[in-house]
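Look at the two complexes coming up: chain A is in both, with chain B in one and chain C in the other.
Up next, the complex of A and B:
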């Protein structure tokens, strides 16, 4: 009894302590309500209306799915750009991540002038911003003059849909910009690589493993989570960068003076865009998400078996106790007579 | 005798190129350095192109024999571009626009990260989920109602539109920073805070006296990245801080660069500039808008490069 009381008191003390956590997190809770969740609901509400702003009042004219039909049927640019965006992201993100990993591995090796190379490869982190990139692209600083992308596009157009071919063609044309997107990713990979236990490599080398095997069997499994992290980061970065023409389109629609556009129209666009971005992130999660390796699977199986055994044991114990109780009861009501060592058997 | 000698040299060559287990071979090193230098050049190419073009006069631009080095340094481009961008006010305001929200971001994200890492309250998992969700969600979805909200509050076109969300832990990329602090504070041993509690420190005193001083590496990381990201943000700056109205006084260099063409044209039509709009001027403007961060990077490069290491983002 005393122990039980003490445990309860201890728990409540811990709980009281933990309640202080709310105080620390409070600003964020307010912020997320104010700037994320409520606006999210509001824009969901907006997208079913045509919103007209006059100096006197803001008119909400319900249009049902009118905004969507408007976007999909009468504004050919948005769906087109959306498809291009999807292909571009799906093609470019793996390239960026692989490049970042490659560069990080080279920087992590034993090389001279490491500091100098790091200086160069992190430079884009500082510079990359929408207007700067747009400026550089428009002046032709972003493509290598020797590459003729039109040939590539034409060659691939024969057996791939045009949008796919074009996004791959853009890829070659914009190689430098793609490389420039991989600054933060290199940083993350580099620090992940430095955390890999060097004794693992030593052990592998003792057993005669080559560098190639070490990469696939040690490096890659260790940094698997960071590949996912980098992929997600890249998707988000590309979705919010001003080089992305979709978000510019949404902003323009927001302030467009025409009758059918406006806040409602832009909200509908933004929602579709958000769903697409979320789906792409989800796709990478599914592709790169942590599949448990063999050891984990076996361990989990064993744990499950142990638990089952325990449950069975518990069941048997309970049944025994129940039987004992029942027997006791029956004996008390003297339905059965047991031999107690006195008198006749 | 002959064959043994031949084999010996072949082995030697093999070792020389591919290396042994202890020492990297020459061939491998050659490939690594070659790749690094090539990719490094590709990285630098736009910058070099930008800088070399920005110094070209009109004659150099038209002269096909001038490829990389201009005949003489033509600084007029820079003067024109800087004048058209209102360099000094834009620069100072840009610093304010980046620095004030960064300050709020660091303080609040540190607090929130500490709260998540140290305490184990109900609903924490859901909150972390929402945190991640708010990072994945593109800001375009919430942008329109937020714009309306700021408009109703009457703070559209002021710096408050950036400071206010940052004060409530929802500034630019705040989820990343919260997670950085979360990771960091999880690594400090609980004994430390418990000892402080036994010595009679309250929760906030523990936070300010123990947690904050130990989090200096993480703070450096967050300050650097937050500053850079705010500095480079043009989309939201134009929408909120400038409020898309020409009357607002708030602007930064990146937004000026975005609207460079039109503003330069209007200036040129008044006859305020010595040159007409051409590549060189635009590249000069780009260089100007990059320059402050570039200088900062060169000074603080060590902090940048090592920041993520020391902040222990990757200490899962």
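Up next, the complex of A and C:
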């Protein structure tokens, strides 16, 4: 009886804790439901229609794949911008991640006013967002005036496709923007760097490992998963912020008064764009997430060898046991005589 | 433990609540129940919303004047930042304004924002006293037999001449009822580069001359042009536009046109990248917006500072016709289809724009120079429009706000007499015009090609005419056909359908 009561109490405690857990994640669940899943379903539905929102009613005129053909055949800007976006993302994401890692390592070192410098690098994330960012960009604050990016573009245009050359040129033009985009990534790397066990460095140092070797053989393998996290975060951030011309194009199409555009047209555009973004995320996942580092590979190889050895030993053990059983059987049936050490064999 | 749980619960509830903040929508405001007074205006307390593009302070004061006239009607105003974005968001959220004035009529018609106000317009005695082109051409009817909107804000295109430049160059001032060719000749004569100082240019422009030429291109007897690109109410003829476009392109390549602000050419000419040609004292003729005078040249001390003596001239016509149309900026406003009090909304629309009463209230505001906007500018210098009513009292008071000294008065009187036949730019008054420009005309980059001398406008005229007619016909079917307002007759539908069907064949 007492056992039953104790179990019941334990169960209700578990239930209460579960309830608290659900309560904590409730805002997130509501957020995802209201602002992700429902709009996602809505936009998937909308993209098959031409939608006209009058003050009195919303008219849904089915157009099948009409929105898609309209976008690809009559809106030359969309494919152009899409190609530019793909190149820009593929080129800029690694640079932002590497830059963030370098800054994070510097900020993690033994420097004076560490907290102040950390604040400085994170400040753009807090204050330079949305309209403030747009205002600064329109005023040319994201450019370095002394840098002539056209020269860079022209130089690279001679041996690279124009869109690639343009993306790299834009990179130089948007150097300050890249710095601004790195705040969150720096923070993630900082927390990752602080999680690395200091005894590893101590051990490496005692074995004569240099700082360079420690970086490649301890730091990088340890924070490897955070590199992927930051790459994915950067792709998503670059794909969805207000400086992205495709986002502006989709937003303009959504609120466009022209009869061909509107919510349906914008939804079709957004879905195609979302697929491209997903593919880019997958690309970075394949590049950064699938490969194991050299130590993992050696350990896995050793584990495989040990398993193989164990299997062989097991095989030998079983064969021996089988042979013993056979001999015993033969001996019992007197087919064999065991030599007792006397006389001739 | 218990306190922690309560804190956690409160936190979760607060987060959920903050997440949902902003999801709510303000219900559309309107009064309930109807009882009307003798003049047909409701006696209930109601609220009307008015969205506009004008100076906020001016409209706020006008709204106050309207509320004084109709104490039971409360008016809430909002300045539109972007017409299609603001209105489509409002339509989706159910907070659509009762009355709005816009710049892009295609958006309003494609989404059936405007209600039919024919009954009110045609029974309104005030409409008889309006500038003739408004009623004759049905500006706001969009080539149907119904009224969907009315002009709310009007400023004509204007040609200005700097008399000081003409004097310095020993040229004669042209007659005020000049013709197109006389203007072109003056531009050429006033372009002087004697290499001894800053070059004199014949023309400085904000409005391209082809925009002016598009409706000034021929005698009314030849073609009754009532819109841009040679539009006569049925179809376009861009061969007229092509002549003006080419002429303007030739002036540019010939070096008769002053450099634009913020260009290297401007820096080379004036020594300052940011100079505006209108402040150099080295340009004779200006193709400008009317606001350039009001907001700059007409302000105290501006002309003295730059050594200018600016007078207005009528936008000339190709033939020597005294009464001819002129191109104009004219916002079109309408009562929304969701409005619960359409008649009161119509009165508000008229008061804010075309109506004589509204104009008298405007003049009270403009005449008092202590009325300034948020930037501290006197409201008469903040894009003050031109009256569309022909009411004598209004015009007397309006003219008094412009130079009345003996030396300038005649120029202004002649100018004001010449602007009574406004024709709006296409995007205000022609269905499908915006789509035509957005999806075809602007994309071929014809202006740049002709200005650079790499293409002839005439080569594009036939194709552009076919495109313009197609976009117009398609828009007419879409907006006013069975899927839209459904007010076109079978005959009209067949006519527009024939244009659409023949397109590209």
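Assume the second predicted complex is superposed on the first by the 245 of 345 C-alpha atoms of A that agree within 3 Å, B and C clash if a C-alpha of one lies under 4 Å from a C-alpha of the other, contacts with A are read in each partner's own complex, and residues count from 1 in each chain.
As a working rule, contacts are C-beta pairs under 8 Å (C-beta built on N, C-alpha and C of every residue); 3 or more make two chains touch, one makes a residue touch a chain.
Computed from a predicted model, the values in this text were never measured in an experiment.
Engineer: Kindly classify A:38 by the partners it touches after superposition: chain B alone (first), chain C alone (second), both, or neither?
Structural biologist: first
Engineer: Quick one: is A:74 in contact with chain B, with chain C, with both, or with neither? Answer first, second, both or neither.
Structural biologist: second
Engineer: Touch test for A:27: chain B only (first), chain C only (second), both, or neither?
Structural biologist: A:27 sits against chain B and chain C alike.
Engineer: In the superposed arrangement, does A:255 touch chain B (first), chain C (second), both or neither?
Structural biologist: In the superposition, A:255 contacts both chain B and chain C.
Engineer: Now for A:231: first (chain B), second (chain C), both, or neither, which partner does it touch?
Structural biologist: Neither partner.
Engineer: Under the stated touch criterion, which partner chain does A:111 make contact with: chain B (first), chain C (second), both, or neither?
Structural biologist: first
Engineer: Is A:54 contacted by the first partner chain B, the second partner chain C, both or neither?
Structural biologist: After superposition on chain A, A:54 lies in contact with chain C alone.
Engineer: Spot which of chain B and chain C makes contact with more residues of chain A, would you?
Structural biologist: The partner with more contacted residues on chain A is B.
Engineer: Can A:288 be said to touch chain B (first), chain C (second), both, or neither?
Structural biologist: It touches nothing on chain B or chain C.
Engineer: Which positions of chain A sit in both the chain B and the chain C interface?
Structural biologist: Residues common to the chain A contacts of chain C and of chain B are 20, 23-24, 27, 30-31, 34, 254-255, listed in rising order.
Engineer: Looking at the complex, which residues from chain C come into contact with chain A?
Structural biologist: Within the complex, chain C contacts chain A at residues 5, 8-9, 12, 15-16, 19-20, 23, 82-85, 87-89, 91-92, 96, 104, 106-108, 110-113, 336-338, 434-435, 438-439, 475, 478, 483.
Engineer: With touch defined as at the start, can you tell me which chain A residues reach chain B in the complex?
Structural biologist: 17-25, 27-32, 34-40, 42-43, 46, 103, 106-107, 109-111, 115, 117-132, 134-136, 138-139, 141-142, 144, 175-176, 179-180, 187-188, 190-192, 194-195, 205, 225-226, 232, 236, 239-240, 242, 247-248, 250-251, 254-255, 263, 266-267, 269-271, 273-274, 277-278, 281
Engineer: Given the complex with chain A, which residues does chain B contribute to the contact?
Structural biologist: Per the stated touch rule, the residues are 21, 24, 29, 32-33, 35-36, 39-40, 42-47, 49-50, 53, 108, 111-112, 114-116, 118-121, 124, 127, 130-131, 134-149, 165, 167-170, 178, 203, 207, 228, 231-235, 239, 244, 254-255, 257-258, 260, 279, 282-283, 285-286, 289-290, 293-294, 296-297, 301, 304-305, 308-309, 313-316.
Engineer: Residue numbers of chain A touching chain C in their complex, please.
Structural biologist: So the residues of chain A touching chain C come out as 20, 23-24, 26-27, 30-31, 34, 52-56, 58, 61, 74, 252, 254-260, 262.
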